[in-house]
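Please read through the structure below; I'll follow up with questions.
Chain IDs A, B and C follow the sequence of writing; residue 1 opens each chain.
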Amino acid sequence: MSTAGMEAIDLRAAREALRETAPLVHCLTNTVVQTITANALLAAGAAPAMVDAPQEAGDFAVVASAVLINVGTVHERTAEAMRLAARSAGAAGTPWVLDPVAVGGLAYRTVLAQELVALRPTVVRGNASEVLALAGAGAGGRGVDSTAGADDAAEAAAELALRTGGVVAVSGAVDLLTDGRRTVRVGGGSVLLTRTTGAGCALGALVAAYLAVTDDPLTGTAAAHAHVALAAERAATVAGGPGTFAPAWLDALDAIDGETLATADVRVE
Amino acid sequence: MSTAGMEAIDLRAAREALRETAPLVHCLTNTVVQTITANALLAAGAAPAMVDAPQEAGDFAVVASAVLINVGTVHERTAEAMRLAARSAGAAGTPWVLDPVAVGGLAYRTVLAQELVALRPTVVRGNASEVLALAGAGAGGRGVDSTAGADDAAEAAAELALRTGGVVAVSGAVDLLTDGRRTVRVGGGSVLLTRTTGAGCALGALVAAYLAVTDDPLTGTAAAHAHVALAAERAATVAGGPGTFAPAWLDALDAIDGETLATADVRVE
Amino acid sequence: MSTAGMEAIDLRAAREALRETAPLVHCLTNTVVQTITANALLAAGAAPAMVDAPQEAGDFAVVASAVLINVGTVHERTAEAMRLAARSAGAAGTPWVLDPVAVGGLAYRTVLAQELVALRPTVVRGNASEVLALAGAGAGGRGVDSTAGADDAAEAAAELALRTGGVVAVSGAVDLLTDGRRTVRVGGGSVLLTRTTGAGCALGALVAAYLAVTDDPLTGTAAAHAHVALAAERAATVAGGPGTFAPAWLDALDAIDGETLATADVRVE
């Protein structure tokens, strides 16, 4: 653990800034996870808005504090809205997150994701298979599952981060985050996160929310991952199974304050 | 409090009528809140159906007991379905509710909402920013948030109600309902309603359900607001946070009977 | 009860096979129920994926272990994706389930469902009104409600099963399942299933998951119905109402193992 690095990742300040400013997060995300994504943002103290018509997405991305683009159930209309939102966010200097769900295994979304990567997202967040596929180093997983661990994608993630000039976050038992120079690992969490649809997608939205309130994208990305992992640990202690885990996880996202978040298992290298 | 007015707003009779007749509520609503909207209707004793293809929406609005139109994630196809459903409902004399989510801030949906207002919805339900924007008196909020209180929109709401010949309901810490002549205020509730995505949208659907079982639209609108507020108060006493609030709120919507609803904080002026 | 029949329906083996193989279930389903459908699959031990763009649905159906097609909120784009997925599944020998939500009452989806029936789904799962309408013997219900009991559709179900060469399952207080020769009745369950949006739709997805891990479609269909019913009975004992029932039901889907599932109320005739 690098003490210098730890000072750079101020989780407490990030959490307090999120609560104080309630950033408006514009989510263009898949229809399976819209509800839990909105609820996770509300629980954390952010304000969600889901606007995915091509007539509105570009204009709204300018007003928003941050933008999430998740290609989980993308089709022609929403792909067009995503392109417009990404361009607007880029032009306005608004931070935005790309979640390349199931990229690699399906040609249509893989082409779209490559196009979006070229617009230089502030953060790319996915599992190892998705990051490997996006970096051109793998064929992708089966749907939303990853058949590789986060560390298997460490090199591909660093390469991709240098290409976008942003951060790449790889979710796994231990999450791996990198801006191509520094690497952060976030531990903790619970296996129940993988048994709740949309927990990973909601993490992408929380990354966007934290980007809006931090100057350093790696700090914002780490704070979101730490927040999700710590809330999952707490929820797992009270949940009776994957069904009661989800509401307990939202309660914990709400309850965790800056002081508590600073205790999360975040290691800077 | 006007005793005469209170007699006109018979909450107990409305609640009992809803349970006995289980009205079929046709919801054309945003994809973020479809699940909680359907579950809130089921909990209250109504039957939800979400049919938003242009090939079906017009026909289904004729069969339904009431219709909800919520423009939260509207786009070309669903806008067309909404126009057809509103026209069918109007022609058939079926009550319908317009929820102008985020109108004012976004041009595409604002034009659509104005077009729908011209079709004279039985009830318009929104927050103060949305009602001000729809009445031509404000520029709208940022997304789903209102930057104004319900009373700030009292004049605009009354003006809009006289224009549509229906009721306008403004949600806030205290809800303000008006048909342009009478005003009803509904208190109670819980701040946790604002931290649960879709609670306000589900309220719009419950207004539609109550319109189907009451002769006076102001009574139906008041009963729905009272039902939501009272259930929220109960849920807040058992919830551990915003995550466990939602299922507790649905339980409370189910548990509240006519006698209990009659105790809600509803003031007629 | 037929002992020979009971031996043919090995619920324990089906449950254990599902947990061991975690089949990938490709769901083209309505937007109201996507979340609970994915969560029910995850709770049972399957892997959900929702891909409904015409550009991807055909290719993905080939990769998936099983496919669900549910027409609840179908429109032009998703209808095209459903046709492609059904044809791909048929060509690849992948089992697939058709859930004809509200068929009979609405012309557009009724024509589509008839077209899909001609592609010979492995299982058709619906309520009595829907099965009667699909078999050409009834006019359908009002939306998702059935105005008939499962046994009212016994003859139509058997006729439809012989036509498709598969299984037809009719949900009701007691579910009726048939392949045209054998009939299975599944009891138990809870009325709270009918007050939770998407419980029936999630059942269709679980049928698909079980088809992927059993050789006999009637066995797979029975296992899914038994799993849902038994989990509902358990959840009803701890739920405070329809809101807390849903997470408890997911917990119970997870908790029920092969030995427990073998105790379900399943009668072969």
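Things worth noting here:
The rule we apply is simple: a contact is a pair of C-beta atoms (placed from the backbone, for glycine too) under 8 Å apart; a residue touches a chain by one contact, two chains touch by 3 or more.
If you're wondering where the values come from, they're calculated on a predicted model, not measured in any experiment.
In terms of which chains touch, the assembly is arranged so that all chains touch all other chains. Here chain B and chain C face each other with different sets of residues for the most part; under half of the interface numbers are shared between them. For this pair, chain B with chain C, the centres built from the Cα atoms lie 33 Å apart.
Across the assembly, chain C contributes residues 31, 35, 246-247 that each touch 2 or more other chains. Taken together, the chain C residues at the contact with chain A in this complex read 24, 31, 34-35, 38-39, 42-43, 47-56, 59-60, 63, 77, 246-255.
Contacts from chain C toward chain B in the complex involve residues 30-33, 35-36, 72-76, 102, 105-109, 142-145, 195-198, 239-244, 246-247.
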